[in-house]
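Note that the chains are named A, B, C and D in the order they appear, and that numbering of residues resets to 1 at the start of each chain.
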Amino acid sequence: MPKQTLNIAMIGTGSIAKAHSNAFRQVTHFFNVPYDLTLKVICGRNQTKLESAAAQWEWHEIATDWQVVVSRPDIDVVDIAVPNALHAPIAIAAAQAGKIVFCEKPLATSLAEAEIMAQAMRKVPTLVWFNYRRIPAVVFAKRLITEGRIGQTYHYRALYLNQSGNDPSKATTWRYRRSEAGMGAAGDLLSHSIDAALYLNGPIAELMAIMHTFVPGRDVDDATLFLAHFANGSIGSFEATRYGVGCRNRKTFEINGSKGMLRFDMDEFNQLQFLDATDPPNLQAPRNLTVTGPDHPYSENFWKPGHIIGYEHTFIATLGDFLGALARKEPLPADLEAAVEVQKVLDAVERSAASRTWVKV
Amino acid sequence: MPKQTLNIAMIGTGSIAKAHSNAFRQVTHFFNVPYDLTLKVICGRNQTKLESAAAQWEWHEIATDWQVVVSRPDIDVVDIAVPNALHAPIAIAAAQAGKIVFCEKPLATSLAEAEIMAQAMRKVPTLVWFNYRRIPAVVFAKRLITEGRIGQTYHYRALYLNQSGNDPSKATTWRYRRSEAGMGAAGDLLSHSIDAALYLNGPIAELMAIMHTFVPGRDVDDATLFLAHFANGSIGSFEATRYGVGCRNRKTFEINGSKGMLRFDMDEFNQLQFLDATDPPNLQAPRNLTVTGPDHPYSENFWKPGHIIGYEHTFIATLGDFLGALARKEPLPADLEAAVEVQKVLDAVERSAASRTWVKV
Amino acid sequence: MPKQTLNIAMIGTGSIAKAHSNAFRQVTHFFNVPYDLTLKVICGRNQTKLESAAAQWEWHEIATDWQVVVSRPDIDVVDIAVPNALHAPIAIAAAQAGKIVFCEKPLATSLAEAEIMAQAMRKVPTLVWFNYRRIPAVVFAKRLITEGRIGQTYHYRALYLNQSGNDPSKATTWRYRRSEAGMGAAGDLLSHSIDAALYLNGPIAELMAIMHTFVPGRDVDDATLFLAHFANGSIGSFEATRYGVGCRNRKTFEINGSKGMLRFDMDEFNQLQFLDATDPPNLQAPRNLTVTGPDHPYSENFWKPGHIIGYEHTFIATLGDFLGALARKEPLPADLEAAVEVQKVLDAVERSAASRTWVKV
Amino acid sequence: MPKQTLNIAMIGTGSIAKAHSNAFRQVTHFFNVPYDLTLKVICGRNQTKLESAAAQWEWHEIATDWQVVVSRPDIDVVDIAVPNALHAPIAIAAAQAGKIVFCEKPLATSLAEAEIMAQAMRKVPTLVWFNYRRIPAVVFAKRLITEGRIGQTYHYRALYLNQSGNDPSKATTWRYRRSEAGMGAAGDLLSHSIDAALYLNGPIAELMAIMHTFVPGRDVDDATLFLAHFANGSIGSFEATRYGVGCRNRKTFEINGSKGMLRFDMDEFNQLQFLDATDPPNLQAPRNLTVTGPDHPYSENFWKPGHIIGYEHTFIATLGDFLGALARKEPLPADLEAAVEVQKVLDAVERSAASRTWVKV
């Protein structure tokens, strides 16, 4: 199969840019896609970081002006891994230049902005990096739900806890400033939980939220919680916080249905708990599935059954799925519309927290 | 030390009456209290159950009219283990007759009723059986909090999940009827979580609740959830449900504070997870404490360190603490006022769910 | 059903005597057996301990000469809870006096002694307190094995770890002296693991052992390990140690069979892990069964499903099973012959360790 | 820093060759080493597999005759990932040709062979892929031991369980034939456990082993177990089996020392349990450390604290350590001598199992 070359331009040099770069380097080793990816140019404003990132990941060139980069005719893909407030101008410019656009989550700093972006981006293939949706355990949970293995859903509860905010002297990155991040824990963490919930349990009908800031003067939320009614009749409970002391990156969900239970805790990344309530009562128990195969999502792509994968593989799988669908001209799996739906829920969260009332999504 | 005999009358013959009976039989074996407890009379309406319970626990007599029983001059303690709606008349009559009154939780079917009961009961020594407050892990959590080991509290989250409601054909006991139970999951399960939260984290200032019934026609809540602001500035999240499929009796809490984390899951009854955020970062991790001694609550009372206790010991410890305080004429530890505070929160939960607004407790 | 009174004489006042006393007090509350147990007399040499134990458990009388006690005509049962070296004289005397004999494990300090005891004791009903065989999870494991749920056994591995020996200044009880205990970790801990192994996996054909003492001058084993071939073709690995720092009372077993796996860890007393290798490969995982019902061993006796039991219930169940079988004139379930088989394995362990060779059991 | 190019020749096309290829592609992204690695030529006998592996990992050339490959002047490194029996001829030829030699474990099919290989290989830089020694949790365990955090070691126990042998129809690869593998579970699995034990707990003085084959006619061991005395006075227990039904790739170790305990279970790849016995007794508990930083081994190389790594990273770290040491002209960390020591223990295991006696290593 002759391969098409895709020249990539990366905008950003931070830790997420590193995860994306790794995915560009690795995707063809694990996914059989008819593309050669060329790491053409990486673009940033801090010269030291830029040179370091370029050297580490073997980007061919460096650049400092994204506006020039996104309009270069030799670029096929623009990948955006910069603070949230910059997503919109770059994505819109890249889309208008006809590039394939990859954008880190959350899509935007507001629903209004997201909708403007979406209008521009709908003309090109797009990927939004909701990478945790590609954790094998999460995809396997989706499969079990789709097969009816947990029946009618009653409860969906999700946590996303880290402790980044607990040291006020350290919490000084752009993620803690409204002007750059739009939101705090809600955009950073909760958006992942919302994406997984919509994927696994369908639309949210209405919700009631708290957005709380523990440190006076900080203008983004440190913790956001909400209760929800899903369209399918189940009840949801969500919490995301940067004051989850004791947790470095703990993302969980639990689902109780009429026929079973699912539990995921990202501290046990490769595992999924599944209880089958149709088993004989004395054998009903959480099964601690290690989701590395056989017959588990992505187990054919990565290593042999029993061999553990991790954080970086979620980006590789996100990209692999995208490229596979692109090649087959299928609907793109990590698409813009899903990201807009997440933004609608985030918007409802903000409206509810501000008004202290229930709001429709 | 000469011992005083306390003649006990038990009103009720169900599974909770069994747990109380066991506590009456066992308390002097594990707690050094100057009382002999005589299981004088057990009272119920179903003759078969009554005779069976009396035989199993060696109650001296049986009776069918609680009004006669509570006024017998030879009775010192009236213990109430009947459906919630009967708590008030029996407790008030017993208190008016000058008896020591033990009452199963929740105290009442409404706050108004609880306050009337309390007025009568304040004249006598009282115990309300919030037994789970006496789990050694819970008491040890309280001790660590009091010692400042977790610092300022940021988050308190509590679940209480069982699956009793999931089989509609089975969920037909008095616990599923408003006329007898007052509330559903809220009174049965959530009351325990509220009691623990008030004990561990202090008063709740305001809250916002959902009370939901999955089965049409059922007139009590199947699931109740609420978000809260505690008086100490922390944020709370609570859920109690009878549709927690996969969980037979799963009661949990998690607390994140500025200096550490605590986690309890009643499926791991003898364990408490504690993370000390003042440890060197590379040694910070949840410690899986087995709270059976040495130097753990009640470890001197029960078995040697490493030897597991269970459900029944929470009732024994509740009673042992009460009798010890009674003998020493100290404030009674599982007292009426705490039960009234729980009722106030339950009342706020009902008001919030009905009005779909935030309410003050 | 008219009940027969059994008058009990307890020889011993230590922590095991406490566990036995509790069982005598509780058995009729949880097991429907046609006996009334009277705690008639407790016998010991230390007057303070004797009075304290008698008061705590409401023994009617105290005594200091066991030889007098075992021949009293009003005594039906003699229960032996004293250092191992005293088991033989008391058990033989009691049996010769026609008493029902209950004896703490291990039965004897040597196989020769055990066989002499057995000769005398075979004339009366006997119980040897291998209480851990009555943990619900262990009995349920037996049931799953018997039903063929794990197929042909390949591997059986067992640990019993405590840390009692690690503080040389503390390890000064009779359990650390050959003259009183006969063996160290082997008799104290390993005997339980052997009993469970014979119960679950059948006879051991031959073995190869290490008995090791870490502290110079101590004349019993601190740690005993052995490899074994079972008669059923499976391979066994056993370890018992008092230098298992970090473990207060950790008894485990794991079994791999052609159709599944079982794992038990006494730190998770109420749980049994079961993997069914006939499940579809992508659903094969350890199920973390909470063995408190429904349809689990002893779940009808104790509390409702989901309500945890502990250490003391193993003694109650041992006694309940014995009394039930006694009443029904069935073979006694915790019998002498099983204890003699354990002693044969312990004897082989000692011979192997001394000769540094494989020995037949 | 100018970089030196290393041209690599891979001999082998199986699943281990894939893991090595990935390491060659990734090492410079995570380790700052002054080398450019060129994936020059991959060599195998099965043309389909060869072309597929070359395409997947972008090897520049393919070849079918290793003897030609190892003597090519443009090759700097020969990497051996073929059945064990071929290690010796290839490694010796490559060393004699002056190449850097990388060899998959176990080094050889016998000690005699290993010693002949070592003689040839000592003249060139060498790496033996005992990759599991580079799991961050294992390296952190080593650090805690070196710092004296667990004190004097009493017990070391190790399991390595998979289930590959349980389906006789499937267990037909070269790993099940003595002529190609030399040993069965011992070489495949136990060698890893021995390597870790020597690394963490020092030399083994003497041992007593079982090598067992469950399937008649199979000429390698399905399961190998041994008991050991370490030179440091501690006692070891080892088991490796291909009949560990329920376990796909479960490698564990536990260490009890006078001051603490360590436990590792590869099913929880990113975690290490550590108990500090110098903590106050009521806070002593296994800490469930997630070994992804900060201040954990390799946490600077891979992702941010809390972000999980997996199987492939052990190969990358093995290679990264080697190249770093090579550049700095330091002793090579995964060296030949360690692999020879493993082979000596395996040889003692074989001698002991054959003679059914204790043997010195």
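The rule is simple: a residue touches a chain if its C-beta (ideal position, glycine included) is under 8 Å from a C-beta of that chain, and two chains touch if they have at least 3 such contacts.
Quick caveat: nothing in here was measured; it's all calculated off a predicted structure.
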{"item": "B-C against B-D, pair bridged by the larger set of C-beta contacts", "value": "B-C"}
{"item": "Listed pair (A-C, C-D or A-D) duplicating the A-B contact set, over half by residue number", "value": "C-D"}
{"item": "For subunit B paired with subunit C, centre-to-centre distance based on mean C-alpha positions, whole Å", "value": "35"}
{"item": "Cα-centroid distance, subunit C relative to subunit D, in whole angstrom", "value": "42"}
{"item": "Rounded Å distance between subunit B and subunit D, as computed from the means of their C-alpha atoms", "value": "54"}
{"item": "Numbers and ranges of subunit B residues touching at least 2 other chains", "value": "247, 284, 286, 290"}
{"item": "Subunit D residues within the subunit A interface of the complex", "value": "15, 19, 21-22, 25-26, 28-29, 56-58, 162, 247-250, 266-270, 290, 292, 303-313"}
{"item": "Touching residues (chain side subunit C, partner subunit A) in the complex", "value": "140, 274, 276, 280-290, 293-296"}
{"item": "Residue numbers on subunit A that touch subunit B, as the complex places them", "value": "150, 154-155, 157, 159, 161, 163, 166, 208, 210, 212, 214, 223, 225-227, 229, 233, 235, 237, 239, 241, 243-247, 256-261, 275, 277, 284, 286, 356-358"}
